[in-house]
Amino acid sequence: MSHHTFVKEFEASQYVEGVYCAQNTQRGLTKNGKPFLKVLIGDRSGQVAARMWNLDDKLFDSLPESGFVFVSGHTQPYNEQLQLIIQNIRATAVEEEQLVDLLPSTDQSIDDMFNRLREKMLTLKHPGMIALAKAYLEDEALMKYFRLAPAGVSLHHAYLGGVLQHTLQLIELADMMLPLYPDLNRDIVLLGLFLHDMAKTRELQFDTAFSYTDEGMMLGHLVMGSLWLQRKADVAREKYGENLPSDALLVLHHIIISHHGIPDYGAAKIPSTPEAVFVSKLDDLDAKTQMTIDAAARGEVGQSKNTSGGRFTEKQWALGTRVFRPDPLTE
Amino acid sequence: MSHHTFVKEFEASQYVEGVYCAQNTQRGLTKNGKPFLKVLIGDRSGQVAARMWNLDDKLFDSLPESGFVFVSGHTQPYNEQLQLIIQNIRATAVEEEQLVDLLPSTDQSIDDMFNRLREKMLTLKHPGMIALAKAYLEDEALMKYFRLAPAGVSLHHAYLGGVLQHTLQLIELADMMLPLYPDLNRDIVLLGLFLHDMAKTRELQFDTAFSYTDEGMMLGHLVMGSLWLQRKADVAREKYGENLPSDALLVLHHIIISHHGIPDYGAAKIPSTPEAVFVSKLDDLDAKTQMTIDAAARGEVGQSKNTSGGRFTEKQWALGTRVFRPDPLTE
Amino acid sequence: MSHHTFVKEFEASQYVEGVYCAQNTQRGLTKNGKPFLKVLIGDRSGQVAARMWNLDDKLFDSLPESGFVFVSGHTQPYNEQLQLIIQNIRATAVEEEQLVDLLPSTDQSIDDMFNRLREKMLTLKHPGMIALAKAYLEDEALMKYFRLAPAGVSLHHAYLGGVLQHTLQLIELADMMLPLYPDLNRDIVLLGLFLHDMAKTRELQFDTAFSYTDEGMMLGHLVMGSLWLQRKADVAREKYGENLPSDALLVLHHIIISHHGIPDYGAAKIPSTPEAVFVSKLDDLDAKTQMTIDAAARGEVGQSKNTSGGRFTEKQWALGTRVFRPDPLTE
Amino acid sequence: MSHHTFVKEFEASQYVEGVYCAQNTQRGLTKNGKPFLKVLIGDRSGQVAARMWNLDDKLFDSLPESGFVFVSGHTQPYNEQLQLIIQNIRATAVEEEQLVDLLPSTDQSIDDMFNRLREKMLTLKHPGMIALAKAYLEDEALMKYFRLAPAGVSLHHAYLGGVLQHTLQLIELADMMLPLYPDLNRDIVLLGLFLHDMAKTRELQFDTAFSYTDEGMMLGHLVMGSLWLQRKADVAREKYGENLPSDALLVLHHIIISHHGIPDYGAAKIPSTPEAVFVSKLDDLDAKTQMTIDAAARGEVGQSKNTSGGRFTEKQWALGTRVFRPDPLTE
Amino acid sequence: MSHHTFVKEFEASQYVEGVYCAQNTQRGLTKNGKPFLKVLIGDRSGQVAARMWNLDDKLFDSLPESGFVFVSGHTQPYNEQLQLIIQNIRATAVEEEQLVDLLPSTDQSIDDMFNRLREKMLTLKHPGMIALAKAYLEDEALMKYFRLAPAGVSLHHAYLGGVLQHTLQLIELADMMLPLYPDLNRDIVLLGLFLHDMAKTRELQFDTAFSYTDEGMMLGHLVMGSLWLQRKADVAREKYGENLPSDALLVLHHIIISHHGIPDYGAAKIPSTPEAVFVSKLDDLDAKTQMTIDAAARGEVGQSKNTSGGRFTEKQWALGTRVFRPDPLTE
Amino acid sequence: MSHHTFVKEFEASQYVEGVYCAQNTQRGLTKNGKPFLKVLIGDRSGQVAARMWNLDDKLFDSLPESGFVFVSGHTQPYNEQLQLIIQNIRATAVEEEQLVDLLPSTDQSIDDMFNRLREKMLTLKHPGMIALAKAYLEDEALMKYFRLAPAGVSLHHAYLGGVLQHTLQLIELADMMLPLYPDLNRDIVLLGLFLHDMAKTRELQFDTAFSYTDEGMMLGHLVMGSLWLQRKADVAREKYGENLPSDALLVLHHIIISHHGIPDYGAAKIPSTPEAVFVSKLDDLDAKTQMTIDAAARGEVGQSKNTSGGRFTEKQWALGTRVFRPDPLTE
């Protein structure tokens, strides 16, 4: 991609050309009964409504409902906002390096985070556990997705690299905390944390836009994660010749399928070992704390009169309350 | 076993010898501080408290907390009931044919039920689905357990052969009902029903007494059933060379992990296809209807003054109510 | 009605005249402050927004907020849709045979379904139960409504004939299933199913549009059904001279007031006899299965890019989930 | 009954003869295998365990599981308590005036309370409402039960006359409060209160001991109350020739079936008119306040060391908490 | 305020000048990209949308997001409604007597209500309780707010004087009812009622518009009320030299923090003394009855075709149901 | 206390004399009707049933229902356990240093833990926050209780020093974790953790046995903690002359009353700032992890046949599940 013009940089009456993310592709009818294309065109910086008049059925059928397109056209003001009038549009494939321009991404280095995570895994003690960690770490296709996967579609960490960032944060927190819990088995905790959200790499589709895959909808990342572990344990045994203690394998399956804590939040079992409880509670602590910090957006308090700059946010459904935004000691 | 004397046939001051099921093996202390053995001795007909004086630590260590034993001794009255005074006791293994004497069993022919079920499976249409059914049916070790497994430890069908009987009942009901639901896919419904409780064969341990296995406690038969399906699909592909459509496999996984209907009852996902809803609701209908019929025990109404012969049962927790027992048209 | 032009056949600039269903009759004000009529005009094929300029207060007062009207006017395009400009409008009564054009209806023969249901009822064994069935079947005014009543206002079977179709489906299913439940009393199950939704004929008003009556809102069809049974039992005794066993009558009342299963779904009692449990669970199985089949609308998968043609439906609130639409073996 | 010796007056080694309430009649076996009778013998003052040795099967079959008996025997100490050794026992019928000795009763005059209630009803304004009240008040068989019925089996007002006392308390409270709620219709509120618990007279059996009848178990006093109102409205129309406004009748049915407030507490509908809300909330206020006052039993605080004399009661399940007993200003 | 023109009296093309309540102050952009002011201008009679073209940033920054403004301009029709085109606007302070024109208010005399309440408090018997009541009654700043505070932002009594009116209603009801509950301590009940909603005077901000304060959001009026009681008890001791029995103080704290009845409704503890139960239930009775009466708005039934004039209201979320509006005996 | 003989060291027929903790003091009656004393006698090592024959009423009245006593007597076997036959018993006061022998205690040094906690508090940055911490730390009477208070009566940390140990654990964990949450205010988090359970020192009575105080029962440690903070903030202002920012004080009140997370667990508000969420989640993580570790008691797995030595514990109600006990990598 030579140069990408970000949507939030669009000005009125500007010619635009490049690869963008299309969403909600629909066929409309004008008052005169002629078909036209209605679609949202976006990238990591935002979205803009777009129209293409004189829509040809064949072209329409070739477009994804949600996916990447090469588009050209120019902008015009409409109802106090900009609108893009499309001249040409066609479906296109994108390279991995383009993704970070097109979709929201972490602001940390993915390479750096992944290296820190891998090194932590190599400090495990039990050879079977190391072999299991390697069965994942050396699966390049999987790790490519693991590095990029978002942690969710709409809540916390909903950006590329979110799963990796959240997983690493938990592993680094745990490694600091474990000396205060000498009864917990470090190998199990760290490996459980590494694997707990692994199947989000396929639960969520993020190569076009953030949405759930069929498997994600029908099985969820907890059951998928357990199915994957069955496969990777085979690899660990066959490729590395390591014996995997059956209790350890059982507990890792259990950590994966129980980490949401209670059935109403998707856990297939309630956490039932010390390590499973710790993993589940630490995951919850980080998710909810980060969500509250993001909602508070303290840096922006007082910048404007409207709600987003007020002392309380709108009600945050995942938290069950509105959030008080100011830092209580720096106002 | 030459001849088995059933516990309910025990009379006072009778000599008894044979294989029984021991439960709750414990060491007690007499008032004089001497150790003795406290254990429940039982078979499919009932249980009796047993004591062995002069307990030797080595013997005690050799006994299972819950399992099969060869025992000899004689009975004596104690607190309006019988008690068994043990002379000799030792752990023992049992043959499959002995199990039906020692544990409660279905009153139908297991062979006959299994044959009816297998024939139903052979009427499936899609070759991939037939291959998948065969991957289970031809796994002799698994089928041996499937034929014997109880449907539960304490509620409906808590006897040997219960899983098979319940599964067959559902399949035969469904096959009669499906003509009235032409939109449902018969292959998926019948195969889904065949597999939905399959992992109960390992969730519940029943070769000694009815209890949960480690895997049953930590994963549950829904997730275990899904893990097994991943293995059996490999078999179907490799052994029978059949292509398994990915949607069908996905839906079968989904049926297995969702068939309890809602998260509070253990479902990892809410049933989300017409076939999954039908399987889940039919399973619930049969379980709850059978449970109510068993609780009502209509044949016995009026036999005695106490509650078990009254017009209402005690509160049935799984139903949330007491049950009105009389047949409303035959009293 | 000589010939009815269906709303979905309306074309732009067409003159229209006939009986339609009016809904949401309101008085608007133009920018110049003059009153006009805003109303939705519809039939079984759809609805169209309508306006009548120069509204006269007397005319407005004569119109039903929701009901049948004779209307004339012509169509014009408005905001990519059609609008009806009314010239004349007046309230009108409709004949029963007109109802099926004006409101959505079952696609099966109502006569045929009713005959099948009546014949099933005549196979009951106990003379008192037959007399009770006749007390309903020979109440012509009631049966006229029972044949037409919709099963609901917005969920499953929300069309004319829905109660009859759903009731018959349950009775035919039950009659096939009962041989596998020899402990259940067939007379009670079949009569209970016949009566369970009977009072929906008056809970829901459907001679103008689908809405709840005062009695429906204040008592619900469960309590109303029980009040009706008290009346019909009098008829059975007086007209047919049959003795009605008190237990049977009590259980039928109980089936009617408990068939929604749990208090949160409107049951006044939790089902507490084997027949009541069976009726409640079968009703639930059919309702939820049919709802999922309707939501999936498999025939239409893939026809369009938007959600209604996607692989998953929107979230179905009554099911608690989105529905996976494809037939897993025929895509 | 010449003279009744109350159970709490029993002394050791006393000869006792008279009519008592038998409960939990059972057949036991001695160590020697001989049958004996185990039964609780009681009256309003308490209960005592009783045994009859040499039980004859014919006698046993003639005794009620729970009911009134004429009994003679003498007392003896057993396990720090008294026990009654029965010589003769036979089932017997009791007169209404005996009931108040045998079962716990209100400490107010039933005649006086009933008269106050009747006079309140005669102050209603609408002739139809007065006719309806009379249809109940002049049903002597019903009123005899209404005067005696307990308000519950185990919670508040569980004594003879409890329904009457609670109903009168609500009516007198309401009549004082209504001037502050001028929008509420006094006739509807007072009549609704009169009828709300009427069917408790048959939901609960209290002529032998406090227990639920079949109708009480299967329908509950809310639905039964609505069925009775249908009958009494016929009487009001036929006997008194009064027109009963349909809205008033509908609202009275609604008050009866909704007065428990929410489905989880047995309401078939949620209260939906101002009068229904007032009736439901006042009923709840009186029930819970009285229950807390009874639990606190302030007069007895500090009399003993054990819990019943402590500052807090045991947890009261119906209140969800323990109760602080002292009067905060008089200790 | 010489003369206030109420918003509902605005006519088209009228010049308007005066103090109003501004809400939702926002900066918009015209199609040409020029900033303009969007704001709602209102008083107790209603609200109207307002625009000011040519908005100057300095002016915008000086305006409250929600607060009182002096405004001049003239009205014009827009989309079937009036709109105010602002010429001048500036933030302003208001006097207490202006508040009643600008915000909705009780229709009773605040002075009269306050006097009745004070006199009730002076009938308490215990000198410590009287001293405590005086500690509140003689806090002029607090009483000024107590007289004006609304009982809520959106549900019952959402108008100036609402807390006082609701509190007085409860105290007068209780004083009539208490003779029928001789076990309740009158001082505690009456004082508990006086204090139960006291902290609503600061939970809700009502000097500009009805909204929650920071303390209201973060602590709620239950905890705030308890904190205030700690302060006022100091005053009572120090200023009046009265001893406050520790149990009485503890129970008053408990009544304040428990009066919402259950944790889900905000109670920090479940009511656990007879007086606390009575206060909580009476508060609930009055709130829900008044809410239903207000929703029914019986005087207006039948005035129009739309829902607000129908026999049922829309669903009332705080009641969980729609409300039947007609007086059942006067239709 | 010269030398204390621990209950678990009692042998049969041993003379015992010393200070112990009495619980459940009751008066029994022998078969001959003579009063005797029944009481549990215990210390940190266990409890033993005790009896004193020939009980004198005056002595009985002088004994606490639950409290410390000086007792002498000798032991004898009874029903396979020991029993203490009391010769003399009288109520007594105990010194702080005796408490640790009489009640279960932490196995860490209380002085050391308290010093570590105080030093952490002195690292706060804001002078107002330091002043507030000092207002607590320099309240010697309070700190004496804070050092000893148990964290609960029956669940986690139910031993002397439990509140201190749990509080310090949270503060040390937080201080390690905070660098990974740069948006959280360290002063607020650390001070919030210090104060969150402070009022447990008076919610729970532990100078005799572990039970709830009146204030604990009626207000709970959340509301009490907030009331205390109001007092301590006065001290901080008056004694140290420090300004306390109002937002900080508000947030600290909020952290205290919200730290149980949801209303059902006693929170008066849902945590609504990033620091409040973090404190609440960390408290939950530590409590549940420690509870699971304690339940698992891994060191003891396999020591015996009965449940306490099995692979799963009994169901842990506070966790909602049974706990899998083995360390998965060391069995």
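Note that the chains take the letters A, B, C, D, E and F in the order they are written out, and that residue 1 is the start of every chain.
We adopt the following convention: contacts are C-beta pairs under 8 Å (C-beta built on N, C-alpha and C of every residue); 3 or more make two chains touch, one makes a residue touch a chain.
Because the structure is predicted, anything quoted here is derived from the model rather than measured.
Asker: Going by the touch criterion stated earlier, list every chain that contacts chain A and also contacts chain C.
Answerer: Both-contact set = B, E.
Asker: Between A-B and D-E, which chain pair is linked by the larger number of C-beta contacts?
Answerer: D-E
Asker: Where among A-B, E-F or A-E does the A-C interface show up again, with more than half of the contact pairs the same?
Answerer: Going through A-B, E-F or A-E one by one, only A-E repeats the A-C interface.
Asker: Could you work out which chain's C-alpha centre is the most distant one from the centre of chain A?
Answerer: With centres defined by C-alpha atoms, farthest from chain A sits D.
Asker: Suppose each chain is reduced to the average of its Cα coordinates; what separation in Å results between chain A and chain D?
Answerer: 62
Asker: Using Cα averages as centroids, what's the distance between chain C and chain E in whole Å?
Answerer: 44
Asker: For chain C, jot down the residues that touch at least 2 other chains.
Answerer: 214, 217-218, 247, 250-251, 254, 269, 272, 322, 324 - these are the residues of chain C that touch more than one other chain.
Asker: Judged by the touch rule stated earlier, which pairs of chains are there in contact?
Answerer: Result for touching pairs of chains: A-B, A-C, A-E, A-F, B-C, B-D, B-F, C-D, C-E, D-E, D-F, E-F.
Asker: List the residues on chain E that touch chain D in their complex, please.
Answerer: 126, 129, 169, 172-173, 176-177, 180-181, 183-185, 187-188, 245, 247-248, 250-251, 254, 262, 269-275, 277-278, 281-282, 284-285, 288-289, 292-293, 296, 298, 319-324, 326-331
Asker: Would you tell me which residues of chain B are touching chain D in their complex?
Answerer: Within the complex, chain B contacts chain D at residues 12, 77, 79-80, 305-306, 310-312, 322, 324.
Asker: Considering the complex alone, what residue numbers of chain C touch chain E?
Answerer: 25-31, 33, 63, 65, 214, 217-218
Asker: For a test of understanding, state which residues of chain F touch chain E in their complex under the given definition.
Answerer: 214-215, 217-220, 222-223, 226-227, 230-231, 247, 250-251, 253-254, 257, 263-264, 266, 268-269, 272
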